[in-house]
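Which chain is which? They are A, B, C and D, in the order written, and residues in each are numbered from 1.
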Amino acid sequence: MDKQYWQSLEDYRETKTKSDFSKKAEPEFSIEGLDESEIKAKSSRRDFLKMLGFSVSAVALVSSCQMPVRKAIPLLNQPEELTPGVANYFASTFFDGTDYCSILVKTRENRPIKIEGNDMSKLTKGGTSSRVQASVLNLYDDARLKGPMKSGNATDWETADKEVIEKLTVLADEGKKVVLLTSTIISPSTTALIEEFTLANPNVEWVMYDAMSMSAIRNANDLNFGRPVIPSYSFDKAKVIVGFNADYLGNWLMPVTFSKQYSSSRKISGKNPKMSRSYQFESLMSLTGSNADYRFGIKPSEEAIVLLNLYNKIAESTGMSVYNAPKSPVDVTDVATDLLKNKGKSLVVSGTNELNIQLIVNAINNALGNYGTTLNISLPVNLKQGNEKAMEALVKDMNAGKVDGILIQNVNPAYDYSNASDFKTGLAKVDTKVSFADTMDETAQLCDYVLPDHNYLESWNDAEPIRGSYSIMQPTIRPIFNTRQFQDTMLKWMGNDGDFSDYMENNWKTMLADSTNFESDWNNIKHDGVYHAKVESDELSNFSAQSLKARTSKNVDIELVPYEKIGMGIGKYSNNPWLQEMPDPITTTTWDNYLAISPAYADDNNLKLEDIVEVNGIEMPVLVQPGQPVGTASVAVGYGRTSAGKAGDGRGFNAFGFKFGESITINKIAGKTYPLAMTQMHHDMEERPIVRETTFDQFKKDPKSGNELHTYDEKHNVTLYNKIKYDGLHWGMSIDLTSCTGCANCVIACQAENNVPVIGKEQVKNRRIMHWMRIDRYYSKDEANPEVFHMPVMCQHCDNAPCENVCPVAATNHSTEGLNQMAYNRCIGTRYCMNNCPYKVRRFNWFEFVNNNNFDYNMNSELGKLVLNPDVTVRQRGVVEKCSMCVQRIQEGKLTAKMQDRELREGDIKMACEQSCPTDAITFGNLLDENSAIKEDQDNPRMYHLLESLHTLPSTSYLTRVRNNES
Amino acid sequence: MYNTRVRGVLIKGNKSLKDVTQDVLRPMDAPMPRWWYVTAFLAISAMIWGVWGFYNTISTGIGTWGLNNNVAWGWAIINFVWWIGIGHAGTAFSIFLLILRQKWRTSINRAAEAMTIFAVMAAGLFPLIHMGRIWDGFFIFPYWNTRGPLWDNFNSPLFWDVVAISTYLTASFLFWYLGMIPDFATIRETTASKIKKKIYGVMSFGWLGNARSWLRFETAALLLGGLAAPLVVSVHSIVSMDFAVSVIPGWHTTIFPPYFVIGAIFSGFGMVLTLMIVLRKLYKFNDYVTDGHLEAIARILTFISLIMGSAYLIELFTAWYSGNEYELFTFLKNRVTGEYTFAYWSMLTCNAIIPQLFWFKKIRKNITMVFIISLFINIGMWFERYVIVVTSLSRDFLPATWATYEPTITEVAVFAGTIGLFVMGVISFFRWIPTIAISEVKSVLKETTTLKSFTDED
Amino acid sequence: MKTNILGVYDDEHDILHAVDKLQDGGIPVKDVFSPFPMHHVWEKLNLTTRLPYATFIYGVVGGIMTFALLYWTSVVSYPLKFGGKPLNTLSFIIIMFVITILIGTIFTAATFFIRQKLWPGKESKLPDGRSADDKFVLVVEKTEGMPEEEVTKIKDLLTETGAVEVNESNVDYED
Amino acid sequence: MIINNFVRINALMIKGYIFSGLFSLLMLISMSSFAQTAQDEKNFQQCKACHNIDGAKLIGPNLKGISEKRDEAWLIKFIQNSQEMIQNGDELAVQVYNENNKIPMPSQNFTDEEVRGLLLYIEGGGVLPESEAVAQAAVDTEEQQANKLNVAADAELLLVKMKRDGMRNMSYVFIIMVILIVVSLFDLAVFHIVKARWIHYIIVLTAIVVISEIIFVDATSLGRQQYYQPDQPVWFSHKVHAGQNQIDCRYCHFTVDRSMSAGIPPVETCLNCHNQVKEGPITGTKEIEKIYASIENNKPIEWVKVYNLPDHVYFNHAQHVNVGKLDCAQCHGEVKEMDEIIQIPDLSMGWCIECHRTEDVQFATNKFYDQYKELHQKLKDGEISNVTVQNIGGDECAKCHY
């Protein structure tokens, strides 16, 4: 173990001993096994090897020179559960104020290195999203605050506590208004704590704020059912799903849960396959729209019209009141018919935060009898509790000088509030400003005190995303910095010296009042990470119909649609280089946002990719987006952070100022361009059989439909040599293109698992992205409303691998288990294999991506390197790398089986991409195992290999894309 | 080798043996001409720039080049193949014409062989520099090691390349040097300078020139030539296998070996033509390198150009006839009409069309025109490699991965450096080594002067 | 000390006649120095070389050795699978072919240099330096105790056949 | 080369064994003739660390009346190797083990006679007859014993020194060779002192061959650390612990059969015994003090890692020790004879592969291998006689490099 690093880590937590709040001492951070990764991090050895190659003789002369001494530092006291070199998994919960996910945290030597999905959860069912996958890197973010700050200077907790408590006491005594501004809080214990706090301090008002609010749904349900709630949705029970600007597979409410549900209703298997049908009406090309069976482009202002027309069509046949509606721009008869055919088994959702629209949606769902089946009001979703009315009032009050103290937790309105400048001027008028932000974000900068919260991987918490579904967040690492959990701070201020984990446990004692053995139940819950309480659906009050209306659509030039990108969301993780570099599933753009305009508009106005336009005083690059409805433009929020950190600052522009459906004028700035780094520049399949598709009807008639070429190729492929025979093990993977939504969760999962470096915008622009797996996206048919295909491509592990033949130094060859192995240290970097790979899945280390100031991302930071997987080599400059089919996982699985003296079982080994796939599109297993799922996929009539006419005999196969539509 | 019948007069001006010695050696004794310094300065400048390119590449990484995940080979491989092609002329001249008993080669083969050596040296730099980890480059040799021992992949065309090119360089060098030994002895015996006598004495290996040594010499030369003859075919065939063995559309084709060999000879002859015109101009070797020689080369070039043209057509035909959509796309959509039209049509024009001008006797006889066309051939052959390497890679099977390629300044620097190296090598050769094989010319002198003029034959 | 009688000729045809004449006259011609190879002389002097046989053996041995190496390394010593091909593949032929030539070339050249006793910096012992330029030199050994008239006869014969100069030389060149 | 060194090391060790064995035999013969001698008291020093004869219970139980409580044969066996008995499932032994917090009693290198003497000594309450006490002072065997035990280690150290000096000599040879080349070339070109030129050629050629060999060998060993023996922060003798006291390797390196890393024991593991054992036979209290210092200062001991693998290699101890049933000594050499650890193999890839090619896997016993149906069939058919690691892909890249 390297000394320097050790010391610096010590520095990081030199004050830890002082803050004695975490009495459940997590084990010491450093142990012997860590050295593997450590060596990688310092790479002194690699430098040495480099020297070796350069001048052998010169070095040989002085070969008495010493090798670097490596220290192995054992633990003073080794905790029982910790075995150096063996990974531990802890069930925990990801919740950042917006997204919820039940997770397992993989730790090595007590440092989290990977997030996996938790199969025990009934909500997320082992799925994650790219943001969840990348969140582990936030833990090792250099931009995190190292300790409490006062007016921009470091202070200590005693001082900060003393001063803040003093101020708050004064404010309380004077009865002046203090606002606790938080993100949505779904933790019952935290809620209890905050309620206790507000009870003790009646001058404190608690306001929850969401950057992208969904309060209209709550308001509509309040009107319709008398309950201001968001119902829980069951996409799995719906036969027909109609979405209106609701990107439920990407960003809307609970994308992981919905993806699981959606894909489960579209799994084609068995003798009588069933498949749901999805319609999507949207004003931009969203991930959901790209996967929908039918997609319609509408303007934001037309949404209400279309919905009302749809309602009228349904109402006509169900005998409900019909309202006046302008003529729909889209013919909704077919949709209505389809919905009516599936009454009670359909679902209509809208993502537009407009009361009127949500009322129509509710009315339609009511008319279809979907309440109680696909929507459940009595099991409400606790996410998105933010109320923009309250927020507006707060900003008004602040500006009026009516607020004297503000405590800001987990929100950044100075950046993401639609009227951020008002918020900022208001904030300036507040006397006492305390932020609990863990980085010096835009809001924290304006605060007097910044009392940094733990990262969620360092915290205790619980969550109740949907009534009755609980999950637990537990720390998986000792706090790296001198931070303190927000809840602990609250407790401290309330004069409670206990810490939040005790508070939480007590809270759970009351919640589990019936429990006969709390200790064991509580331990079980902590072990599983989730707890599903038995909830009785309460009686549903009658639907109280509201009058519905729709204004005629505006006749303006362009209506703007702000949206969240799959990776970046609301910009909270702007400083996460993994997410910044994650190619957007639709546009494949990295590192930037842009104004997406329709091809027709681009032609008319002579705009092309990377041109710069000006909208409302903001200059932005243009991206021509097929499928962007005419008369609309869309722009992603979450960019343009100014105080996020090295990776996030100055990326793109801030689009939070734009309102949904705002009409804009686009002014071209002639002669100026702005480079956009995209990972894919050609969007047409060129009529090649790459993604094979069929429709569900055709599939039912002939399961081989769309895949006729497979039979042809199988028959026509001849070979000089015999096929390789495998004994015992032959790893294979299959990817169901029908299930895959292209959400890119797997891309980040792979990056986290395999130490894939981040290379920055410029190199992405040079088409050198290092991701071992990419998601190819093709458009076909109509440019104005194309069909979209997502296809994950990684190394296909061909049995007749073209790459293996051409490596002169035998650095890549075939294993007896069917893997195409790549020995990095043998590679001399001729790049011949990259050329000869027809799938172009091999990656070259064009530069040294580790410890290189030109690539100042997580691998150039002592802290950031802690996320590296110690089982995977960090590749040197000049070597080729590629998907290894997570061979470290294979080896680990085999070893476990051997140690347990048993044969390998299905599910022993899961690939990083497979494990957390929210749609279960990826299957991995032993092709020689007759009973395995992968074998079943191999025999599936939909199975084909990518570019199988080349007779590369890949071990990875694809299943035809089936769309449930007519064309 | 020496005593074969000759078709016409090879050496004009009724030279005596003494004249030959003096004519060839005169430039070596003359004071350094100004053009030599100017050229050397330019060449060394280019080499220094090239060294910068090398340094930049090795210290920072291949990322300093314009390559990307899809186009992993670029200028380095293009230039490598181009240089290797040029390097074919020497052996082609010496050995093919030797086998074909073409006597007129005697006044050109030395220069052509020298060109081979320097071109192959320049070419050899590219596989080196283009390795990602040049410091581990020794892995490519199958030497006894402590890794198991772990050997190489003998299926890899790159390994064949390494073997073929080092063999070619070795064989060419031995052949070249063997041929120079008698000439060094001539210098040793005729020069007035003591230093020269010493140096060339060492280099001449104590050559005697008696009957037995001539017998063994000629046998050895014939044997080396005979051994090297298949190399001329095999080296570029193997280079072509770098492409032909792969699966990439536009590469994966059986026509490549003959097509590459012909192309190599084409570019090699083109370069020989360029160099001989310069040499003859500078050294006033008009009597040795006669118009007849140039015309003979021009005629050969015309013929090869026709082969090249038909190869291009056949490529298109096979692409169409195969019905393979990837091949079709690469040839018809990408090369002929697509993004790389310019390169494709430059190649076609320079290689297949312009040399057809040699059909006209007037152009054939006009040295300036011949010189210009020879330059076009060199450029055209460069474009041919560009078309092969870049167009195929940049748009292959999966459209999602398609990427374009543009060279960076570093790649240009490396190329310029190798040109500098080549030029420096050639002018050093001009300066310090007899540019015409004295003994060979002498052997044909007597027989040819008495016959009908080679150039006036029609 | 060996002494040689040298006849220096200007013309290659003259010296060929001279060789014939001398041999007809029963005078053994020891050697002929020329600026370029002359087949006729070799025939007259009955000179042969076995270099081609050596080359053939080098080639055969080289080819077999190469195959042995390739086979041993890729099948016996460390078998690795590449691209679904058998361990012992056809592509060996290419390397065998090239290496055979390489071995043949290097060893032929080496044999030539060794046999001819040529090495860098070897002292050259030419009886007459001009034979490397434009003269043809006929060498007749003046054996120990060769009668004077015999010497004169040879010298006359040389002059007769067109020698421009007739000299005696003590240079002991190694043949 | 590697194998040669192994053989040499082993040969030296064997010499050491024989020597020390003879020595102790002599000692024993001379001692065993009478009971309750000074030697018994000496031997009891080893017991004293954990046992009182009378008084408070230390790590182990009190020994008063032990001969009556337990059968003598059982006692002898237990004292000589308690671990083995426990592993063999001797009920009483397991019971004793469990009663004493599962701290194993280190095996004692006593003969039966010695143990009987010890038991007599214990019976007598730990007091020597007066005459013996006098004799004890005369026989100061402690030093001798230490010397004896060091013989093997000395042999090893000698080898290391030889190797290191050899390396240094190699660089001298290198320089001499270069000088030789220069001198002979000068002589060849300028001085002509030696007339026969073939002598020059032979000298130059030989020198070139030698130089190449040196460069090749040195370049190969670059980045390797064969015979690496760094000074450790604590002079810890594996010979005393693993050799003399026969503590099982896994007692301290306890993660070896479940983790990739064998694990360096936390200081608390040391304390299990060194709570009581406060004085060592060789260094006295000096080194053991460091354990207490570490605990007191809350600072772990920074051991220097000896067996370092490059970062592109993945090695798992559990795979080899637990699954492959390899003995530690197979890779680490006779640690039991080393004071400070020295790296025996060169840890080259060839060294790994060599073993993978020859070593059998637990093909018949481990159910994991049942899935290799073809191999099982071949075994059955007698096509192959054994299954080595190589047979199941043990020489493939991705088995270790990923």
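Operating definition for what follows: a residue touches a chain if its C-beta (ideal position, glycine included) is under 8 Å from a C-beta of that chain, and two chains touch if they have at least 3 such contacts.
Source: prediction; values computed, not measured.
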Contact-richer chain pair [A-D vs B-D]: A-D
Chain centroid nearest the full-protein CA centroid: A
Gap in Å, rounded to a whole number, between the CA centres of chain D and chain A: 51
Mean-CA-position distance for chain D and chain B (Å): 64
Gap in Å, rounded to a whole number, between the CA centres of chain D and chain C: 67
Rounded Å distance, chain A centre to chain C centre (Cα mean): 80
In chain C, residues with contacts to at least two other chains: 78, 80, 82-83, 85
Chain A, residues touching no fewer than two other chains: 52, 802, 804-805, 807, 810, 813, 815, 826
Residues within chain D bordering two or more other chains: 353, 395-396
Chain B contact footprint on chain C (complex, rising order): 12-13, 31-39, 41-42, 45, 47-49, 51-52, 55, 59, 69-70, 73-74, 77-78, 80, 82-83, 85, 89, 91-92, 94-95, 97-99, 101-102, 104-106, 108-109, 111-113, 115-126, 129-134, 139, 173, 175
Chain A residues touching chain C - in the complex, by the definition given at the top: 721, 723-724, 798-805, 807, 810, 813-815, 953
Interface residues, chain A side, partner chain B - complex: 50, 52-54, 680-688, 690, 763, 766-769, 774, 776-778, 791, 793, 802, 804-810, 813, 826-832, 834-836, 838-840, 842-848, 876-880, 946-947, 950, 952
Residue ranges of chain B touching chain C (in the complex, touch as defined): 1-3, 16-18, 20-21, 142, 148-155, 159-160, 163-164, 166-167, 170-171, 174, 178, 181-182, 185-186, 188-190, 201-220, 223-224, 227-228, 230-231, 234, 238, 241, 438-440, 442-443, 446
Residues of chain C that touch chain A when the two form their complex: 80-86
